[in-house]
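Pasting a structure here, questions to come.
Labels run A, B and C following the written order; every chain starts at residue 1.
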Amino acid sequence: MSSATLATVLGADWQTLADAFGLGGIYALMAVGIGLVFGVLRLVNFAYGQLIMAGGYALAFAYERGWPVWTGILLCFAVVLLLTLAMDRVVFRPLREQSPAVMLVATFAVAFLLQSIAQLWFSSQGKIAASLSSLNQPWTISGVDIRKISIVATAVAIGCLLVLVTVLGRTSIGLHMRAAALDFQTARLLGVRANRVIGSAVLISGLLAATVAVIMTVQTPLVTPDFALRDTILVLAGVVLGGMNRLVPATLGGFAIGFASGFLGGALPTDKSQYLPSFLFAAVIVVLLIRPGGLFTRSGQRAVERV
Amino acid sequence: MSAPALIVQELDVRHGAVQAVRGLSLEVDRGEIVGLIGPNGAGKSSTLHAIMGLVRPAGGDVWLDGESVVGRKPEDVARRGIALVPEGRRILAELTVEENLRLGLAARRRRQDLDADLERVSELFPIIRESRKRPAGALSGGQQQQLAIGRALVSDPDVLLLDEPSLGLAPQMVDLVFEALQEIAVRGIAVLLVEQRAQRTVALAARSYVLSNGRLRLTLGPEAADDTETLVNAYFA
Amino acid sequence: MRRVASLVELLVPALLVALVALVGTIVSTSTQTYVITALVNVVIVVALYVFIGNSGVLSFGHVSFVAVGAWTAGILSIPVAEKPAIMPSLAGFLRDTTVANVPSLAIAAGVCAFYAFVVGLPLMRLTGLAAGIATFGVLEITHNVLRYWEKIGPGVTTFSAVPETTGLLQAALCALVAVVVAFAYRHSRYGRMLRATREDVAAARAVGVSVYGQRLIAFVLSGALAGLAGGLYVHLLPVNTESLYLNLTFITLAMLVIGGATSLWGAVVGAVAVSAVDSFLAVAENGIHIFGGVLNLPAGTRVIVVGGFMALVLILRPSGITGGRELVLPRAWGRALLTKSRP
């Protein structure tokens, strides 16, 4: 099929595809962070988006004062990592013994809490963090504008995923992490510093959140208290769809939902694309019912219990 | 003669309001196998858990090579040279046999002789080498028990604690495990063996402590292994 | 003795509701709105308790029933003449019908019972984390559909022209009805069977309890109550898709958790306590006179306090203020009561 026919059939064009790819990349990166924490803690971090929001505000802070770009990025990372540490100590660790459902409610509360604090502190109006806007400039290839940031996002996502999979699968610390996630107590008995190791996993997810914050502010320079909230919800849906239990399927799920959102959002006429969230969540429910291990996992892997 | 590798002194362990262990004292020397037997609920597992730091004793002390380890976190106790083979083996089924074994290295203190030790464990339990790449969950109960012991051994411990290793095992497997324990003791490790199978333990060990209702009732030597009456009385003291 | 204890279990929450209503009669009109809102919140939180408390399964989706109830009651209550103004694309039947206040509430409860049934049919197979995520999906879908489907409602527009009929008496009565229904359910065979599954699923199944069936019953019942609350809401305040979405989900869950998820008493206490604090803070955000000075809290403090409290309770005392237990009569009182009734 020629590209013209393809375009007519799908009602889309290469531009939409490129944008969808970019969104997929960002969501994939978020999925890695969320999937990692779920993998080691059995914790669905509803408040992940707030970490990204905090990073965004840090970038805005630096931008407003005219600080150099790299200082802003450093500040962003510092703020997000501190907040992640606090979350781990104050919320995740005490709740470790509880069921995943209780943890879901708790992180839900934390998400709201942080959102309100931001609202209090910064008002709903939002701040601008435009330091890296040059990356928003497109490369034009045969009439299609591919924004540099889309490529960066996808590349970073793939890179992080590869690094993490290698670390988890082939290094001692990765082995310790997996062991601590599977059987915390036995891991300790064998000498694994389980608390520390899980803390590292959480920190890594924080690093990823900071990275997402940097990338997101390129495309969306306006940082508001609900920055990344909707995205977190969608990425969570994607992670469930892809397969919560393992990192690669989870990331693929995140990518898929980002791509689908971007593609369908751009390709479908507005009156149909409005209902996109409904279709996505209906798909999530169906997957939970018939293939709880996820779409991209080998069948027979159960992440969730059923009656 | 050097001090015993493991000394437990006046140990008190509580589970909530219930006192599981009262004033227990025992010691294990390098190269000897010591048994800890008794009926269900006697406090045997609680003793091992207290030594490993999984529960904090209400009173008493635990000495490893003259150093107190009471109240330390489990991972620290493991890193000091006490290895526990837990009840039910606690193998990580989703990891491969090899990965389970490598996990035992976390508590290892010396970097040297790593390969030699891994080799020795494979000689002791050939099943480990044969099923290296398979998921550990695919192994039978007896094979998993061997893996669990092997995992404890690669950490190069001074003291090896075993919590009912013969549970659920076929008789040939029990033989295999008990023979392996003798070999392990010969290498200079102090072995504390908790078991419900009184007779075999008493026969194997240099001495066996009989625990009932949290208290030490009796110490038996191997000569008492065939003395059924003494054994039964000891259990129901 | 047992019957006395049971009666206490019902009377105390009921009395609290009555007390709140009484307070509502003596405060200013503007404050009274907060009291009425608190009573409507009681209905929602009791609905949550009926399902979550008895089954042990988390549901993030009950506010979707509140929304559907609000939609149903609201649309049916608006006079036919005024409908085209705010809802030009409304479908035939809805456009041409108007019902009185009480029927609109009843229909709202009924529609939501049906909706809960349809939703519950597939979902009640799930438990734990999956249930949480799936019910969240229901919330999202309902929100999405109500927002854009203008054939069945105002879509993005806020409801207006709905007669403001939710007064103190009606709200209090509905709250009492909710408490009685929850109490009756709790002591019924179905309630007890469901609680058995909460404690030990395998054991319950072994004695023949249908986990799926019992959960579905509770889900439908709680859906009906939530729908009733929605009907009350729409006749009280201007509502739109955003006001019946994440924020309300969060605060009603907070009320249940803080009060104690596994008891009816906990649900009522949680709803009243948090509503009281929330109302106080809301008033303070507008500036109140205290001790001769003016207290003016910045906007958003409410959610911070409530959210912080909820997180604290979850971390430190997950069973809530009441410990998840019903209110029990002290032994001495019970004995005194018994001896008194003897001839």
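Just so we're on the same page, a contact is a pair of C-beta atoms (placed from the backbone, for glycine too) under 8 Å apart; a residue touches a chain by one contact, two chains touch by 3 or more.
Everything quoted here is computed from the prediction, not taken from an experiment.
Novice: Kindly work out which chain lies most centrally, taking the average of its C-alpha atoms as its position.
Specialist: A
Novice: Which chains are joined by the largest number of contacting C-beta pairs?
Specialist: A-C
Novice: Mind checking the centre-to-centre distance between subunit A and subunit C? Centres are C-alpha means, answer in whole Å.
Specialist: 33
Novice: Could you put a whole-Å number on the gap between the CA centroids of subunit B and subunit C?
Specialist: Taking the average C-alpha coordinate of subunit B and of subunit C, the gap between them is 55 Å.
Novice: Between subunit A and subunit B, what's the gap in Å when you average each chain's C-alpha atoms?
Specialist: Chain centroid spacing, subunit A to subunit B, equals 45 Å.
Novice: Tell me, which residues of subunit B touch at least two other chains?
Specialist: Touching at least two other chains: none.
Novice: Using the touch rule from the top, collect the residues of subunit A that touch subunit C in their complex.
Specialist: The touching residues are 44, 90-91, 94-95, 98-102, 104-106, 108-110, 112-113, 115-117, 119-120, 233, 236-237, 240, 274-275, 277-278, 281-282, 284-285, 288-289, 292, 304-307.
Novice: For subunit A, which residues are in contact with subunit B within the complex?
Specialist: That would be residues 172, 175-176, 178-179, 182-183, 185-194 of subunit A.
Novice: How about subunit B: which of its residues touch subunit A in the complex?
Specialist: Within the complex, subunit B touches subunit A at residues 52, 54, 73-75, 78-79, 84, 86, 90, 92, 94-95, 99, 102-108, 151, 155.
Novice: Which bits of subunit C are touching subunit A when the two form their complex?
Specialist: 57-58, 60, 122-134, 136-138, 140-141, 144-145, 147-148, 201, 211-212, 215, 246-247, 250, 253-254, 257, 298-304, 307-308, 310-311, 314-316, 318
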